[in-house]
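One structure is given here, and the rest of the page talks about it.
Letters are used for the chains, namely A, B, C and D, taken in the order the chains are written, and counting of residues starts over at 1 for each.
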Amino acid sequence: MGQLLAVQDLAKRYGATVALGGVTMGIRAGEVHAILGENGAGKSTLVKILSGVVQPNDGTMLLDGAPHTPASIFAARGAGVSTAFQELSLIPHLSVAENLLLPKVSRGRFWPERRASIMQRAAAILAEWEITDIAPDAMIEDLPLAQRQRIEITRALSHATRLLVLDEPTAALPDTSWLFRQIRRLTERGVAVMYISHRLSEVREICQRATILRNGASIETVDLAGVDDAGIFAMMVGHAPAAPRSETETATGDILLETRDLHVGAIKGLNLTLRAGEIVGVAALEGQGQQDLFQALGGVRKRASGDIIVGGRSAPLGTPGKAQRTAPGIAFVPEERKADGIFDNLTAATNIVMADFASRSTGAFVNARLERNRAAKSAERVALSPRYLGFEVGNLSGGNQQKVLLARALMTGAKILILFDPARGVDVGTKQSIYAMMDDFVANGGTILFYSSELTELVQLSTRCVVLYNGQVSAEVSRADMTEERLLAAAHGPARTPPTPLREAS
Amino acid sequence: MSDQTAIPLEDTRKAQRISPTVVTVATIYGIVALMIVASRLVSPSFGGLSQLETILYLSSFLVFCAFGQGLVILVRGLDLSIASVITVGGVLSAALMDGSNAGLFYVIPAILLACALIGVVNGIGVTVFNVPPFIMTMAVGIIVYSLCLGFTGGTPRGFPAPVLNDFMGSRFIGIPAPVWLLIAFAAMGTLVQSFSPFGRKLTAVGNNPEAAYVAGLPSRRLTVSVYAISAACAGFTGILLASYANGATLRMGDDYLLPSIAAVVVGGSSILGGKGTFLGTVGGAMLLTTLATILSALGIGQGWKTIMEGAVILLALILLRDTVFDSLRAVLVRKD
Amino acid sequence: MTDATHPSVAETRAARRVTLRHIADSAFLIIVIYLVMAVVYVAVQPSALSAYSIESLFNNSLPLMLAAAGATFVILQGGFDLSVAGTISLVNVVIATTPMEGPGGALALLALAVALGMAVGAINGIIVAYLRIQAIAATLATMIICQGIALLILKAPGGMVSDFMVYELTASLTDRVPYALVIAALGVVFWTIYSRTDAGRNLLAVGQDRKAAALSGINVQRTEFFSFVWAGAFYALAAYMLAAQTSTGNPSAGEPFLLLTFAAVALGGTAFGGGRGGVTASLFGAATLMLMQKVLFAMGVSSFYTGVIQGMIMITAVLFSAAVHHAASNRRGA
Amino acid sequence: MKVTNKLKTLALAALAGTTMLSAGAADAKTADGKWLIYLSLSYSGNAWQSEAANIVKALAKTPPYNETVELVEVISGTDPQAQISDYESMIANGADGIVSFPISSNALNRVVRRGCQEDVLFFMYDGTVTEQCAYNISFLSGGFGENTAQALVNELGGKGKIFLSRGVPGNSVDERHTDGAMHIFNQYPGIEIVSEYYSYWDDRTTQQETAKALAAHPDVDGVWAQAGEYGVIQALLQADENRLVPVTGENSAGFRLALANPDMQAKGLAGVSSGSAPAQSGFAFKIMMEILNGEREPLPEGERNIEYPLPWVPADAVKMCEGDTFEDGCNVFGEDKVPSSFVSEVFNPELLPELSLTSALDGNPTEGATIQPLPEGAVKRAPDMPGINCRSCEAPDNQYDLTKIEATVQP
């Protein structure tokens, strides 16, 4: 089969910043082609160029032999290229139908189409792509994340006549079977799919070939059957991944945090104990109340009833600030790094030192050097290179942003860390640094509660693991019996057998 | 561990040798300097130190109230009540001092406190009740003005303390006292906005309110205090204006509302919050005042003067655009 | 998917949310507020129902209503337009200095006015959408420039407005329904249609989430641009009706509109920051503001303190509409 | 208490309004037998406006009007639409008369016309409307601009650099003043206008704008100013505390006291105080009441522009008042009694003998005073001023003739 998409020496610069520095690759018709690379490797920029969001500075793209130079998303769609974006591109206050049909919802240009007729057309699209549980007139903002992601994908599917670009399509999807079924239907028609995911297992399941990007350049295109994971990692990072971590001993320290019959949001009567020296993992499918639990412990959300006992005393934790100041201190790292975490206009050092500003009265004046000095120690604990401290955080890669957030949490001096998916979407190197920091933290008398969407991570890190189902603890798994299969089974509820494996690890 | 290999390319490439803030501030003062030099073409007595002195003197009022406005804008707000609060400051100082120096030391704090309380109302409306700042401060401005009207019955009475009036006309080391005040205020304001934990916290709140909350910053309290500071600054401006003109009028604040916003924005702050320096605002205020002195000396009709005023503001905005900086920086970086 | 343990409860909650949301999103609330105020007004002022009173009330309210309608386009996409004051002044003096008699002349003037308003709007749009300058600052500058041009055209209030505009446009259809009301109703009809076209939907989408809108294929810059153009057209209409009503041109005619326009939009419940609200709501917001003047007069509120009441009403109305909206989208927190 | 009273009055007024509508009677009084008079202000917020309002309020409380007049004050802000709305409400409430400072000379015409049809008397003071059924009582036709300009030219000996400190851009009053002044200045080639700025009739703005102009022209020889003139003096002193120049301006107490101050004169201050008098409101009110009471014949339409005499106080004529009225030809109050922004022309011993300082400051009647009839010949018709007090009319050829002063230097 010939090349459907041929990309040659593609480059993109933002001012003095090089985001993409020479990508050459090809995708065949009917192929599912993976793009692999660490955060900041240039995947998003490649997606943006292909879908017409930004225009490249150099290089050529040929689609079916004709130059592909979309000036807008709309133009790209016209050429048969459509994209499901990682950061969902749905308008919250519009209906599913309108979102599916944007930007040309109404057929007439000056005279609006009847609502019923719009709904009918949308329903047809939903039916075509086997979505039966979402009504076309539902508001996007009322839908859970997983359904929104499916709408995002469906919209892309409905426009893809030549190339479908999927950027982390399974980030919020509990089940890949629907997606893979649609992808196969599409490829049977000869449509090519560019598939971007951090999850190597998925990639291996659905993709035939992969192009590896590093530092904005394409390293190699490989046949996935012919290369093992270690080989792929090596190409992605430029060196072999770190060795697996050693075992941690079971902790028997003091109880630092305890919840009694906690009700908050979807959480219904939760009892939990965190002891000094242990890392407690939380496993759950999407939407089991894990966000509510973490936000409540972080002080972001007020609990409905029940008790949270911190350091032996019942604590109201009205705000994150109060949570930090309630001895022995709770520091919370939220799920949405960009939205709830970083201050992108401020330097990394200021971002880290902000913890100090928030919790205690500091000197009257500060300047950049003072802040760098103060942040240096926390930065070192998360292996954040000191030379980044002076940069605006918005200019750093996702992994380094995450390190900044963790450094800030450490800076609070809190003994209890509440981390929601701390290693999500970061590269392998950063992951290792984060893991090391967590081990180090509990070894020094702290305790960590963390949620992860990746079972491997839970198994690798947790001293013990709590599985949430429907707002309650469905199982508690000790270090000794911890396997991914065990966690997965518990995550599907107490009395059920697991359906198809949802998410497995490499 | 070997961090070096894992560093994505963009980190190092985005290294910025020249801070955008410095470029912004330098550009504004550059424009001001250029205008002052060019103004010699308009009048032979222009272009000298005495013109600079006049500009500094006249921009001082704008600078005082623009500091508060700048802080409010920094936390994504807007303070439309400052016109009325300036009036409150002026009216109260004329009424309470009533032409006597006695009691100056408690009257001034009392006025500033009263004004700050108006700001607290603004702040509470914005933070606790989530009223959009535009509406909240506009409504409070209308209410406060109306109270002023009722309180004075339409005619503000009395005089500010003579010592204040003398102060506005006095000189130290050959430079007018208000210019010294301006310099001290600019230094203090810069320290507060750019070199204090308080300023950092405000920038954080403006940059990302959700993140600020999660990071444990007392966002509400900070925001309320910012509105209080803004109102206090406006009150301070009112006291000085009344001292300058030796009396208060009810519309004395009107001339400062839109210029205070313009000074902040021309000064390189983002109206969307989270970005801005007080030095830039001072430069913005000076730019507006310089423009006004030049226009005043030009022998053209009011229509043309007004058009030129708008055009210069627009031009300054275009020159201060981020993309202009980016290309400038790109050129500079490429050179070495 | 979570299992819905109590589907019936969930369904009713969803249903309630839907109705509340309809109330919150539509102009329903402000219409209720307007009607309540109208009832109060009629109660304290029985002559309010006379044909003349109705006619003059609407004639008087229409310019602000149209200006607020215009500003709504920009605010809905998340922008800000201070140029309303300058545009109205400019168009107003152009009308007053371009004498054209009769219905044909009035029509020609209308075309001229709207074209001029749209031109100013287009300049705003280019500066804000394409040159990416902060809207509030850019439109402040264009406002000042427009005021300057207005002063060049007419140094002091004066000029002539044709008798047709002055007398016919401000009269009533079959002596019962003021033309002003007809024009306002046309505004409502226009918005009802426009908001359902792609352009209207895109406007709201951009206001809700710029980035998502761009990724959905909406041309965000063009949407922004046209919001300013529409705004300019409506400001021009406001200036046109103002000229008809005051039968004169005034180079500072637009100044009183600056803050009142935003107050009217806010009163209507359109969210500053974009994405929620509509032109209909703003039309009623402006009408309410003008009616408030009448009610306060009728109630005999001491004129020094009228502002206190006005300010309170503004804050209360915004709080009220926010409260209803909050109840409507009672979603899970942060 | 005040509010309840008003509410009561308004309820009665509303009642009266409805009965009037049904009866259509011309001789309408409120239910308690009083004339319902509205005082409509555009902008309350400066000394001038509130003094003018206070004068009317004081007169309405002076016997016998305290028994026969129900006065309601309404402030409409700066928006013509608001004043239109308020006029409508007043007409609907059955007003007998409206004394008003009009915000716009043209925009109010329609509602005024409509009020006239309902037999409401409109008396505009200071500002004017071009609708011919309204009475305009104004000093505008008195030639403030040309007379003060000539005074300045005389002081300067026919040559020198001057500033024009104007009022509000785009305002017809400002245009009339400036046109008159330019008529004179243009005759003198030696007079060079080096700066012209708008001061919004406000002391503080005048001070700042003058300071800006002084930055470019510290060697100015004289200033022609409209209201806000005291700010000119302050700005001049600020620039150089030992140098003043001739200044002509309006009637603020600060300016008049400065004119009469020998220290200031020694520094170079000279000039004349003239311009708009708040007392115009009282004059308007009294004419209206006399017409309502049948003591005076209504004037035919087209002849309702009435001139208020232009105040004219040169430096040597400034005389401090010892008491609380303008007795013995005194014409300014000291700093101990009034703020510097106080507009001195509040009293007119001939036309308004009923008034005293408390009337102007607080709106209280003078103790023991009763309303005196206007003297014979007090009401003089003002010449036409197109766009100011009439629409399609011609200005007389002699509109810029000097009335208060003669040219002492020839061009």
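One rule holds for everything that comes next: contacts are C-beta pairs under 8 Å (C-beta built on N, C-alpha and C of every residue); 3 or more make two chains touch, one makes a residue touch a chain.
Keep in mind the model is a prediction, meaning the values are calculated, not measured.
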More contacts between chains, B-D or A-B: A-B
Distance-maximising chain from subunit B - centres being C-alpha averages: A
Centre distance in Å when subunit A and subunit B are each reduced to the mean of their C-alpha atoms: 41
Whole-Å gap separating subunit C and subunit D, where each centre is the average of the chain's CA atoms: 36
Euclidean distance of C-alpha centroids - subunit A vs subunit C, Å: 42
Touching two or more other chains - residues of subunit C: 150-151, 155, 302, 304, 306, 334
Junction residues of subunit B - those touching two or more other chains: 149, 153-154, 210, 213, 302, 306
Residues of subunit D whose C-beta touches two or more other chains: 44, 75, 169
Interchain contacts (touch definition) - all pairs: A-B, A-C, B-C, B-D, C-D
List of subunit D residues in touch with subunit B within their complex: 44-47, 49-51, 53, 75, 169, 193-198, 200, 202-205, 207-209, 211-219, 231, 234, 237-238, 241, 254, 335, 339-342, 361-363
Partner subunit D, residues of subunit C touching it in the complex: 44-48, 50, 52-53, 56-57, 60, 63-64, 150-151, 154-158, 166, 170, 245-248, 250-252, 255-256, 260, 290, 293-294, 297-304, 306
Of subunit A, residues touching subunit C in the complex: 53, 72-74, 77, 83, 85, 87-94, 98-99, 102-106, 108-113, 115, 133, 139, 141-142, 144, 146-147, 155, 174, 265-266, 287-288, 292, 295, 300-301, 340, 470
Residues of subunit A defined as touching subunit B within the complex: 14-19, 21, 38-41, 215-216, 237-239, 242, 298-300, 319-321, 323-325, 332, 334, 339-346, 350, 353-359, 362-367, 383, 385, 388, 391, 395-397, 399-400, 408, 412, 427-430, 432-433, 436
Interfacial residue positions of subunit C with respect to subunit B in the complex: 82, 127, 131-138, 140-153, 155, 259, 262-263, 266, 271-273, 302, 304-308, 310-312, 314-315, 318-319, 322, 334
